[in-house]
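Letters A, B and C name the chains as they come in the text, with residue numbers starting at 1 for each one.
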Amino acid sequence: MTDSLTKRLVIAILGWTVALLLFFPIFWMVLTSFKSETDAITARLAFAPTLAAYGEVFARANYLAFALNSVVISVGGSVLALAFAIPAAYSMAFHPTQRTRGTLLWMLSTKMLPPVGVLVPIYLLFRTTHLLDTRTGLILIYALMNLPIVVWMLFTFYKEVPHEILEAGRMDGANTWAEVWHLLMPLTLPGVASTGLLSLILCWNEAFWSLNLTSSSAAPLTTFIASFSSPEGLFFAKLSAASTMAVAPILIFGWFSQKQLVQGLTFGAVK
Amino acid sequence: MSMKSARRSRFLRTALGTTILACSVAGTSSAMADATITIATVNNGDMVVMQKLSSEFEKQHPDIHLRWVVLEENVLRQRVTTDIATKAGQFDIMTIGNYEVPIWAKQKWLVPMDNLPANYDVNDLLKPVAQGLTYEGKLYGLPFYAESAMTYYRTDLFKKAGLTMPASPDYDSIRGMADKLTDKAGQTYGMCLRGKPGWGENMAYVTTLVDAMGGQWFDMAWKPTINTPAWNKAITYYSDILKADGPPGISSNGFNETLALFSSGHCAMWIDSTVAAGLLYDKKQSQVSDEVGFAPMPTGTFKGGPTWLWSWNLAIPVSSKQQEAAKTFVTWATSKEYIALVARNNGWVAIPPGTRQSTYDNPEYKKVAPFAGFVLAAINSANPDGQTANPRPYTGGQFVAIPEFQGIGTQVGQTIAGVLTGQSSVAQALAAAQSATARTMRQAGYPKK
Amino acid sequence: MSASLTGPAPGHDAKAAPAARPVARSLLVMPSVLVLLAWMIVPLAMTLWFSVRQYNLLDPSIHGFAGIDNYTYLVTDPDFWASLENTLILLVAVLVITVCLGTLLAVLFNQPFPGRNVARVLAISPFFVMPTVAALIWKNLLMHPIYGVLGVVAHAFGVPPVDWFAHYPLFSVIAIVSWEWLPFALLILLTAVQSLDTDQLEAARMDGAGSIAQFFFITLPHLSRAISVVIMIETIFLLSVFAEIFVTTAGGPGNATTNLAFLIYSRALLQFDVGGASAGGMVAILLANIVAFFLVRTVARRLET
């Protein structure tokens, strides 16, 4: 009895220690955001809390406009990626050819290219098509960026679905559309949702394309951060405040959707 | 769904915009078409003030609307360079350094700043600063603020150690004082310098040190001269003083990290940009504001060579479709009236420094900024077009004014950071830097006719 | 959320058309596959084209066909081989750290203890922080030897503070990147541990298997597929780590932290040598394909079943 109590105590202490250690940098960032700039460069815990950094950040930049762009672009990019990936993954999972596996891996490998290598080609392309500094442009890029991962994750989910179910549907006269929409979709919904969530998080944090392809009207929160990092002078408190504001929406969203994320992933890829 | 919401919000915004526009047009009864200009600028303090005060400009010019893109320096530089080189025309005004202005002017990417209004008083601009923005006799950008470099020191620590800073220090005496001031147990370090690799970070300072020791980047045939005794002397000095008297973490300290160290009381001396003076003097940002002393940059064996001159300037790309409106803003933001406006709102100590003689003649400015005289003297003696100990084919104080320098400077900067951490010896590092630079220059097609 | 995610899926009206013959069924999805391929091929083709051109953004006077010049210039660069090595070290080290620690933590966070859900949420949080912000926080507020938390703690104990980025530059970068990706590994692996059949574990315990034996003979094999997922997705991102290096060490000291992505960055956005950067990009794709090849042989095979 005491043995299991000790064990439980050890586990609780261990679990909380690890969690707090991992969370510490974020906690410290939030803490720093309430310091003055001179306090921010000392590691002291005792300081006079101030909202000065937040005041400065709000006065200088229209946070809501940036946040709205982030939401629109991340959701748009993820949704578009799903819209393209679902039929593709369906084809690969249920009507595979000899090339399916090669294609899939090739797609994944293109994702490993450092984006900076293709900046100029993409910039020229965007200039010609008038997509610079538009939400549409970023949505396209993000969809393209996440497509390989989304296709691959959906593919692994679809592989789990027994072929017989779809075949039975086909016997009943379901066309491809109905097959995907009415049979496959309900079965794999948690997986699709988790994939979408993952894609959403990746879009939100993407800081290369969003910085280089936008200027003002489509600029998301990563640009907002770039306007507070590393100016001449002390900036840790302001940067911490801006970062806290940029991270908060996705963090809170992540906390709430954690269960969903976990459920979806359990259904498929990791079984 | 999101596409639709994006479209709807764009529609809403357009509708809103039209309403506001209609109101403002009705209000001013101006028949002129409105112009919206996009300004790309750095997130440094002076530019933030400009953004805040620009509502005054919009009041004076109701037909010109401003959109701001404020980014950190590195991101901004890659952003505007990509844009101007591909002629994409995303920006009407760009904030660029005196490194870019002549290079871009040569490519015919910038609109010349001629026919300036008489009350702009272009002759009031400090000579070395204006010179750096001139290409074939024309200005291609107007200076917003400018900086040179000087030596900062802690008067209290000097007093305690019984030292006095000479009126014009040299590197030998600096070394001696740094040794005496260092107290590693008490986390006080005799000398703080930049060490983070980068053409605008450690190499900005190292280039001036090399010049002072009689060295330079290239000889007249564009052959790199990094493996010469002058470089060896400079880098040996740099790594020795930092190993003996420098703070830990040197190889990742840039301007900001060093500023944080000095303003939290960890450095006895620091040689860096004059822009730090205002920041160290500001009680809100510095714990040592009452103990900061100023002195000129130390000199080495070669005196009077180029030292350090940087200016942030407003320039208009030829790809802009609103060049007239853009020019109106640029002349406003770099005018005497703008400086007076900042002084009225934030006090004289907060004005963008280093551009105009009239600023330094102003008694009110001299009263609140005791470092003003040092800054003016440093800028006037920066001599970026001057010669090094041996003749050189390029211009520039703490940089080399060729497009390839950003890459070269950063790569050599990495190698030199490796000396600080003991990864390689001075001789090894310089040999590696020499061959890497020679490679890059060959690839870029030097020597050019 | 899930409802809105499924909303736009019917985007393609063409497929809504009925009368699909069984034969045409697999062909009907081809349009999306083609779009997908085209989307990837266009930048690839442009990169390939630029990689054999002399093309410098800052100097339009330099232009023309370069042949393999950009490639020879790249592979004769001494930093190039170092960058390949650093890229691979970074990849393998972060994978090992996140998978090993991730597995242990997943088992730990599967045990019941008070406040477990809150602890889980805290542990997963770093995944939501943008890389640039993470790097700035770690560099300035935590690892700085004088005003960082670690330095201050060391000072308080009378130990000389460690100058992380000078003496252990690559290790420091690995630490930051691992902090970002450990929560991701933990999240995926935790879901797998949760789906573990408790009856099986119970049976094993009846048979007298200790906790360690249970872990190695039941839990670990069960996790193999989740581990494959983690490795696959992390590899994609780890091959092009950039922000963490740019913010902390700028590739130095020396070339200790220059990886391929940073090398390409210095070609593309410092020298604006589009030709050279494109050649670097092509090499990066080649490297990615080699890595992908090994992944197929070791990891992806497991995903087929």
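Here is the rule we go by: a contact is a pair of C-beta atoms (placed from the backbone, for glycine too) under 8 Å apart; a residue touches a chain by one contact, two chains touch by 3 or more.
Small disclaimer: the values here were computed from a predicted structure and weren't measured.
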A-C or B-C - the one linked by more C-beta pairs in contact: A-C
Maximum centroid distance from subunit C, chain identifier (CA atoms): B
Inter-centroid spacing, subunit C versus subunit B (mean Cα positions, whole Å): 35
Centre-to-centre distance between subunit C and subunit A (centres being mean Cα positions), rounded to whole Å: 13
Junction residues of subunit B - those touching two or more other chains: 1-3, 74, 78, 82, 86, 260, 264
Touching two or more other chains - residue numbers and ranges from subunit C: 7-8, 57, 140, 147, 151, 269
Residue list for subunit A, restricted to those that touch at least two other chains: 41-42, 79-80, 119-120, 124, 226, 229-230, 236
Touching residues on subunit A, where the partner in the complex is subunit C: 8, 11-12, 14-16, 18-20, 22-23, 25-26, 28-29, 32, 40-43, 78-80, 82-84, 86-88, 90-91, 95, 101, 103, 105-122, 124-125, 144, 147-149, 151-152, 156, 170, 175-177, 180-181, 185, 189-190, 192-193, 196-197, 201, 204-205, 207-208, 222, 225-226, 229-230, 236, 239-240, 243, 246-247, 250-251, 254-255, 257-258, 260-263, 265-266, 269-271
Residues on subunit B engaged by subunit A in the complex (per definition of touch): 1-3, 5-6, 9-10, 38, 40, 42-45, 48, 51-52, 67-75, 78-79, 82, 86-88, 90-91, 255-256, 259-260, 263-264, 273, 275-276, 279, 284-287
Touching residues (chain side subunit B, partner subunit C) in the complex: 1-3, 74, 78, 81-82, 85-86, 103, 107, 187, 196-199, 201, 247-252, 257, 260-261, 264, 266, 403-404, 406-407, 410-411, 413-415, 417-418, 420-421, 423-424, 429, 432, 436, 439-440, 443-445
Interfacial residue positions of subunit C with respect to subunit A in the complex: 1-2, 5-12, 15-20, 22, 25-26, 28-33, 35-37, 39-40, 42-44, 46-47, 50, 57, 105, 108-109, 111-116, 118-134, 136-138, 140-142, 147-149, 151-152, 179, 182-183, 187-192, 194-195, 223, 225-226, 229, 232-233, 235-236, 239-240, 242-243, 260-261, 264-265, 268-269, 274, 277-278, 280-281, 284-285, 287-289, 291-292, 295-296, 300, 303
Residues of subunit C defined as touching subunit B within the complex: 4, 7-8, 56-60, 62, 73, 76-79, 139-140, 144-147, 151, 155, 161, 163-167, 169, 246, 248-256, 258, 266-267, 269-273, 276
